[in-house]
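This structure is in structure tokens; I'll ask about it shortly.
Chain naming follows the written order as A, B, C and D, and within any one chain the residues start at number 1.
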Amino acid sequence: MSYRNQLLKREKVFRDPVHNYIHIQHRVILDLIDTKEFQRLRRIKQLGTASFTFHGAEHSRFGHSLGVYEIARQICDNFARNFPSQEPGDGLWDDSERLVVLCAALLHDIGHGPYSHTFEHIFHTNHEQITVAILTSPETEVNHVLRRVSPDFPEQVASVITHDYPNPQVVQMISSQIDADRMDYLLRDAYHTGTEYGKFDLTRILRVMQPYKDGITFSMEGMHAVEDYILSRFQMYMQVYFHPVSRSMEVILEHLLKRAKLLYDRHALSESFIPHLLVPFLEDDFTLADYLKLDDGVLTTYFIHWQDSSDPILSDLAYRFLNRRPLKSAQVTEDTKDLVPILQKKVAAVGYDANYYTAINNSFDLPYDAYNPKAANPKTQIEISQPDGSLIELSTLSDIVAAISGKFTGDERFFFPKEMLAETTDNLFAETYDSFQQHILNGTLIHTSD
Amino acid sequence: MSYRNQLLKREKVFRDPVHNYIHIQHRVILDLIDTKEFQRLRRIKQLGTASFTFHGAEHSRFGHSLGVYEIARQICDNFARNFPSQEPGDGLWDDSERLVVLCAALLHDIGHGPYSHTFEHIFHTNHEQITVAILTSPETEVNHVLRRVSPDFPEQVASVITHDYPNPQVVQMISSQIDADRMDYLLRDAYHTGTEYGKFDLTRILRVMQPYKDGITFSMEGMHAVEDYILSRFQMYMQVYFHPVSRSMEVILEHLLKRAKLLYDRHALSESFIPHLLVPFLEDDFTLADYLKLDDGVLTTYFIHWQDSSDPILSDLAYRFLNRRPLKSAQVTEDTKDLVPILQKKVAAVGYDANYYTAINNSFDLPYDAYNPKAANPKTQIEISQPDGSLIELSTLSDIVAAISGKFTGDERFFFPKEMLAETTDNLFAETYDSFQQHILNGTLIHTSD
Amino acid sequence: MSYRNQLLKREKVFRDPVHNYIHIQHRVILDLIDTKEFQRLRRIKQLGTASFTFHGAEHSRFGHSLGVYEIARQICDNFARNFPSQEPGDGLWDDSERLVVLCAALLHDIGHGPYSHTFEHIFHTNHEQITVAILTSPETEVNHVLRRVSPDFPEQVASVITHDYPNPQVVQMISSQIDADRMDYLLRDAYHTGTEYGKFDLTRILRVMQPYKDGITFSMEGMHAVEDYILSRFQMYMQVYFHPVSRSMEVILEHLLKRAKLLYDRHALSESFIPHLLVPFLEDDFTLADYLKLDDGVLTTYFIHWQDSSDPILSDLAYRFLNRRPLKSAQVTEDTKDLVPILQKKVAAVGYDANYYTAINNSFDLPYDAYNPKAANPKTQIEISQPDGSLIELSTLSDIVAAISGKFTGDERFFFPKEMLAETTDNLFAETYDSFQQHILNGTLIHTSD
Amino acid sequence: MSYRNQLLKREKVFRDPVHNYIHIQHRVILDLIDTKEFQRLRRIKQLGTASFTFHGAEHSRFGHSLGVYEIARQICDNFARNFPSQEPGDGLWDDSERLVVLCAALLHDIGHGPYSHTFEHIFHTNHEQITVAILTSPETEVNHVLRRVSPDFPEQVASVITHDYPNPQVVQMISSQIDADRMDYLLRDAYHTGTEYGKFDLTRILRVMQPYKDGITFSMEGMHAVEDYILSRFQMYMQVYFHPVSRSMEVILEHLLKRAKLLYDRHALSESFIPHLLVPFLEDDFTLADYLKLDDGVLTTYFIHWQDSSDPILSDLAYRFLNRRPLKSAQVTEDTKDLVPILQKKVAAVGYDANYYTAINNSFDLPYDAYNPKAANPKTQIEISQPDGSLIELSTLSDIVAAISGKFTGDERFFFPKEMLAETTDNLFAETYDSFQQHILNGTLIHTSD
């Protein structure tokens, strides 16, 4: 039997806390899981700094990737059973697409590195480009497995991830406003954080999902389940992903790496503090192999070293990151943005380098949007199908979704050292602290009359 | 108010997936959580190599330590409400013991390092001694916090952990056959692995727990809940903790560290492969500060380097550990132990160094034991209290507990490379493989007639 | 000790699937649970006909009443610990209100009878008036218990339920847009139906609840948890409480009782079909004792008899109710209301009495409303408290809540026999069926061109 | 297409709290669910009087029957996918057996009536015989549906339930020591009582189940999951099914029906207290149609009437049953059985008719037994299959199962009025109470020295 169609003699399962079991049926999938690039995902936390806020959220991208695969597998099973294509172009499901879907689902995050968001910001890497590289570079084990399927299979899988694959059903299953990726991470992050917000009725959504010629639609009877999913996602953003403490730890991480880069550039790091595995990135000249050596533990290992550095900022920020010493923050609006430099001066006045101990950080998300051709990044809107086959866009049917549709949600915050909120009696900097604190009310920056 | 009695203005909570919330009421507890020694537990996985078998089990010792604290807190609340001591020696609960209990619960695992079991085996460290050292050495942040309570408070907390504290209620709450530690880890490990086995009725057990002069007892109405807890523990050992794949990964880890030590001792590691933070341990001359720099990520960072080593065993074992390439195994009994050297020779014959690619590993646990003064390590038996106040030892009441009482459960396994189970047709080593395989039936070593 | 303050020697618990345990501490509460009026709630299903749609939803009002009590108890515990009143009028919690709260919580539904909504419609009973009667009539066991607390205690408890009690904190705990009643039924109905929609973060909401002088408020950090509760409630209404099949079974029940009343009034029921326990209601001359004899089983016992009646409508409707033969339905809008009489004629044309086999039924709910003095029934709005103590109404803070605030949600449906949707080939009434069916598209009535 | 093979155009689902969804694929199954005999199960509680102890346990036999069907369906799916028969007699699964399995699973409890255990004891009915009658009597709707499959299909389904069906795989799936029936009721009863004890790993057990020529076996890797299931069952018996309060309510029910029968036999029931639907049973001359009119509500409706009876025993016992006034109890052993008549005299001495206010009740279960040809009712033992295909009986492999294998577990209890435990000071019957109480220690009858 061809490698493409080779099924395991007996289905293999992985016990999973979210989906109970992950079912592996294809030899190709098992081989992909066994690659070193995929195993590496065990060493990269799914939620980065969020575990500083929700201590249960220590799960890695490995389990999430399996989970996305499992949801995609269940969708394929449903489509193959209930909506099998009879002839090309009938808008139903062609199950020969299954393997490309499963591989894309499993591998969609394979390019992620440690604390990707922050890392990319400092070192100008891009996890999506790296994903494509891992799939298509002949040097990787992943590419080796994919090539055994067919010479162009690596590019096919990559094109699903880059949204260039011709079949929109395949693309939307992996990447759309309601896809296997988002459905898994909401449930998984909710499970590990121990919050309820991310829960929605996955089984019901999978039941009402249907293929049609331009992608995927949801039947009317499941409209409220889809609505509930959108709201769960909104809640997870508001309550978990945008939590100020996690963002504060990201700020510290970013400033720590920025400081290390500065010191490296100035040759101010002595040999024992040089982060050898990061040097290609500090030099801005790295290979895929360099990238694949990185993980969360590599970074924290350097931070452990840096705690002993003689550079007070490097050692302090490393200490703060390792030992969870977040900055405090307050919300900033357009009206109060002018206060930021003033407050930074006050922070500097009590002895902190404002470049490293203050920051502006914004976190916004578009919980849902109907298709908007003028948008920077137009979204595939969610279509609800009526019994007679006609389609209606979700926010047309749901007042609640309409309420958040097209609106960026989140906030912009000013971060500063906790010490700025100290009691102001009997203190050398009492006056500075006091004037700083007058600009914060109910967690928000405010102008004062003086 | 004294530091000892200082309560937070408003209770602080940590969201926890197992207990919903961890409630922090004392300033001392919050300060302990903020120490760098305690924060370090975030970087040490609770179950070591078990996440290679159950991918959800990536949780750290940090959450477990909070969980043990929370259970101990709930026990104290129950005892203080329902069984408050009226006069010294009445066998009831003296709530002035609360702080020492909470601190011991929180800190009982603070001496753990990365992959403790294996690490200790190779480097002769001892996490219990280190726990005591962290509590009592003036150099630690933990000691600094504890000393603020009273000069002898660090030693008091340490004596709970070493079982030397005079009040047996306090000791048994933290360490006995049914204590806050075990109750938390069973529930937490069950949660993260996604198995059901470890679940038992915590709330009911906490309700039937009672202090008495010699420790802690459980009222008769809760006997079956206690029995169920014993069985949950038994099941977790059989199905999770003793899983052959996790043990195989431990074998690989142990052999990897053993190989590194040999190479280091022989000065055969070139500079870029020297594990600087491990050197004090390789030299068998380490300080507490050296120990506290270690975590899971430090070890795997060295393994990432070692993959590129020119020593084929070091690089291969590092690859196998990082990328989950377990050995296979079969059960060994007294009767078949003689086969091990024979099989090791066959493994060597096909080209593997049997010192690094085979192992005998046994995992046994005593699920429950009544007090047995002749035992190497006599256990505090579980006492069930009758309505008239008399006590009956658990296994007297439960046939099921009696069935496993005093019996070590587990198995001894022989580990070897997966390749030994290869198909034997068309293969250079066909004959060797074949003769090897004839000694394995139903996952167990057997003698053959030839 | 006075009866009012008498605590049980040891707290008594009821195992509860939603709250794990219900904790009973007061003798008064235990005595109330033991009254026959309260025990009777075991025989009245919480959700009436909903179990015909969600078969797990067979739970009674008994468990719900305990659950409301338990939530109220937890709120009192929280308020007593964290917000104890120091002096009258300080807006904090006066724990001497606890007993009246607990009793009102436990007894708030005690006046409910079988399938209340439908029953009240036909027989002009009113469960709220009956609740007050049960509390205040000297003939009940409940009144007997309450009177032992103090002579005016029955009236005090009743005044909480009628919203006349002076302390708004007490009233809002039991009855407001976010009260112990609603919080329990959402969680409990979600649990028993097996849906996820009703789940929200009860623990967190209880943590952020605070008393203030005009009632109860929620601190800003919990705003999203409150928002999520509003949405859960909205989802439960949309997906469970307004389910067309359950409403169809209510329609059948109503028509069945209506038919029985007609036959009774006409003396057309023979002796063996006379529903003796219902006679006082058929005669519109009933006592409290008559009412307290009714339960779900009494009604269905008469239906079992009626199945054998010679009146074809009575026996058929009884059969349909007992054996779940729902009517079908389609949504009606203002625009299509004119079609109803036309369609009813078609139903009549194929032989059904349209008075009994068709119906218009609407189910609407106001998911949330800010205080609106012009409303028929102005709501206590949900107030979110800021760190500086100021209050902001919920929909001001939440776009999502604003989207549904003040809008009645639900639909109006036309019910008709399933047979009207039969295949129209080879059928005596093919033409009628066909013309009927042309007026239904996508589950909604439509006008057609002809 | 033949009725036997007719599949629904689209699978229909019922939302279920235990299995999430029940999947209906065959027209036959949907038609069976719609029969009046099956719908009647909605009005019969699964656990009878247990809801007096665990108030959540109000679920009916309807949901359980669907659940057994669903588990059987999943087993068939697994067998059909992984173990399809290639030729007759190969010991693998012949999927043409599927429909008979599904029907037997769905209908296995259809003969149950209200409070079966007690009812059968008084009225000498037998729910298993009635099940067969419902399947095979031409008068039932169930028979009508089954006959449409084939004329002998009703008898085939019946023979599965009576264990006479030739294929042992089919019989064991529905009725053995680990069957779809038991697996569903443990999970469902655990869910609704809110206890954890009944939980076990259903998914894993279903995965390791395999057909073989003499029935069903479980592969070795799942041995501990099977062991855990046996223990869950044991725990549910000990903690839920044998709960003394539920048994006490059964005693009251039995005595109430016994009293009614006596009064009826003596013509001492006036017309308004005659339980018309029970008359055929009181006369010991009933038809299947008579039986099918009974449900829980019919019985309680008569009890509501009987509360007003002038017979003090009838009215008191009816009051006690409706309003949950259990008797108290103490354990009886062989040694103390002689005390029972003595204690009954004391109960009589204070004014209770000992025939109605005392009882001996025993509840025993055999949690597991290996096949024992000498047993009254030999059990199909649980076989564990080894990798080489050999079978080993479960208790041979598990010390824990061996510990309870073949041992009847439970207890015998003496029930008596709560008043016998009254405080004995200042009381007319103080001396009698006192001497009664001296015979009870730690919940067990004891001899005293006097």
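Rule of thumb we're sticking to: a residue touches a chain if its C-beta (ideal position, glycine included) is under 8 Å from a C-beta of that chain, and two chains touch if they have at least 3 such contacts.
These numbers come from a predicted model, not from an experiment.
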Both chain A and chain B are touched by which chains? C, D
What is the chain whose Cα centre is as far as it gets from that of chain B? C
Whole-angstrom distance, CA centroid of chain A to CA centroid of chain D, is 51
Here the gap between chain A and chain C, centre to centre from mean Cα coordinates and rounded to Å, is 42
Taking the mean of the CA coordinates per chain, how far is chain C from chain D in Å? 32
So chain D residues touching two or more other chains come to 20, 195
Which of the residues in chain A end up touching chain D in this complex? 10-11, 13, 20-21, 82, 203, 207
Residue ranges of chain D touching chain C (in the complex, touch as defined): 14-18, 20, 34-36, 39-40, 42-43, 51, 54-56, 58-60, 62-63, 66, 191-195, 272, 276-277, 293, 295-301, 304, 319, 322-324
Quick check on the complex: what are the chain D residues that touch chain B? 195-197, 199-201, 220, 224-225, 227-228, 231, 234-235, 238-239, 386-388, 390, 399-400, 402-404, 407, 409, 441-443
